[in-house]
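Okay, so chain A shows up in both of these, paired with chain B first and chain C after.
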Partner chain A sequence: MDIVEITREIIDIGNLTTRVTSPTCGAISTFLGTTRNNFQGKKVKTLEYEAYEPMAKKEMQKICDNIRDKWSVENIALVHRIGDVPITQASVAIVVSSPHRKESLEAVQYGIDTLKATVPIWKKEIYEDDSYSWKENSECCEI
Partner chain B sequence: MGEATAKVTVLFFAKSRELTGTREATLEVPRQISSVGLLNKLISVYNSLEVLRESLVLSLNEEYVSIDDVTILELNTNDTIAVIPPISGG
Partner chain C sequence: MDIVEITREIIDIGNLTTRVTSPTCGAISTFLGTTRNNFQGKKVKTLEYEAYEPMAKKEMQKICDNIRDKWSVENIALVHRIGDVPITQASVAIVVSSPHRKESLEAVQYGIDTLKATVPIWKKEIYEDDSYSWKENSECCEI
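Moving on, here comes the complex of A and B:
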């Protein structure tokens, strides 16, 4: 089962873990991307994410499909939060279950690396002095 | 013989949305155009995008289009083009 979601709500990692749990699996690997309070010495007040939602979901589904081509995994959850994400909260979660740990660990790494390179989502950092900056992933622009 | 132009929907995101001050527009474009030709057309209509010229990619109906002069797009009325600045998800 693939869970591909874009949400404006807090990402409930406990709920996601429950949803990917399978009796045939001995491993669940999780990556959580959380929002940082600093960038090159500047204090970040809050972050805003924006998505091209239908295309982002398509690209996220492609990541699931590619994971299944590469590794033997059972369930995959790819969830990205958009809108305001307060500092310390999760903006992205990737949770994968597999019969053995190697597959889900590698799949999670691939999942986040690829998501940052291909999924049309944008992050705006808003600083304490109310200036802001649209970020650019170093992984991006290689498509 | 069909029309020589198509009326496409253009979506702007993130910095390109702020620069143009618009989320969505309708634009009449040649039905056959290279991807760099389409980008040039967009920048000629929305001059403020010039600062992003080197970093933009486009999508056509939710699939990425690389910007070059050998990718020839076949556009139809009601197609959706998106202007995609460098992404920063995660």
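Moving on, here comes the complex of A and C:
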């Protein structure tokens, strides 16, 4: 099962893990990208994400398909939050279950690397002095 | 901060993630080892883990220390459940936060590989026909 979602709500990692859990699996690997309080020496107040949703979901689904081509995994969740994402909260979650650990660990690493490179999501970094800058996802090296 | 725990309770991954979260981090990576319903063609009913706790915690702390020698990470949680662990529930959780994603992803993979190899925890596989076998952690290839 693939879960591909874009949401404006807090990502509930406990709930997402439960949805990906399978009785045939011995492993669940997860990556969360969280808002950090600093970027290149500047204090960050919050992040704001925007997406062209149909295209973003299409690219996220492609990542799931590619994972299934490469590894034997059971369930995959790719969730991206948009709108304001305050410090310490997650903007992106990737959760993968697999019978054996190697597959889900590798799939999660591939998933976040590819999501950063291909999914059209823009990020506004808002600094403590209320200045800001917009960046494409692929330019964001904070995670 | 290092969290090193052995517990007989259900591992609450939402709570553990919150404890590892840091405002200075953009990444949280997690591995969960869960009880699978089959092993080498046999149907598994449940798993039962036992540990020599002082030694197991010492080895788990060593894994945290080694992670800190190798990668720049913020918080590490290594939690192993003992006693009965029913199908789909987690026996082990490794959660690592880091400023950038590469570090926590690599640290989690190292953590589970090393835990399987070095931590003295034994596992009783109880099959559907009520037969069972005891194994050392390092012999368990189910995850």
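Methods note: the second predicted complex is superposed on the first by the 135 of 143 C-alpha atoms of A that agree within 3 Å, B and C clash if a C-alpha of one lies under 4 Å from a C-alpha of the other, contacts with A are read in each partner's own complex, and residues count from 1 in each chain.
The rule is short, and it goes like this: contacts are C-beta pairs under 8 Å (C-beta built on N, C-alpha and C of every residue); 3 or more make two chains touch, one makes a residue touch a chain.
Everything numeric here is computed off the predicted structure, so don't read it as measured data.
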First, second, both or neither for A:Thr88, with chain B first and chain C second: second
Which of chain B and chain C A:Ile112 touches, first, second, both or neither: both
Partner chain in contact with A:Ser22 - chain B first, chain C second, else both or neither: second
Partner chain(s) touched by A:Ile63 [first = chain B, second = chain C, both, neither]: neither
Touching partner for A:Gly33 - first (chain B), second (chain C), both, neither: both
Contacts of A:Ile13 with chain B and chain C, given as first, second, both or neither: second
Partner chain(s) touched by A:Pro99 [first = chain B, second = chain C, both, neither]: second
Which of chain B and chain C A:Glu50 touches, first, second, both or neither: first
Contact residues common to both interfaces of chain A (with chain B and with chain C): 33, 112, 141, 143
Sites on chain C touched by chain A in the complex: 12-15, 17, 21-38, 87-88, 90, 97, 99-101, 105, 108-109, 112, 141-143
Residue numbers on chain B that touch chain A, as the complex places them: 11, 13-15, 55, 57, 59, 62-64, 66, 82, 84-90
Residue ranges of chain A in contact with chain B within the complex: 33, 49-52, 54-56, 58, 80, 91-92, 112, 115-124, 134-137, 140-141, 143
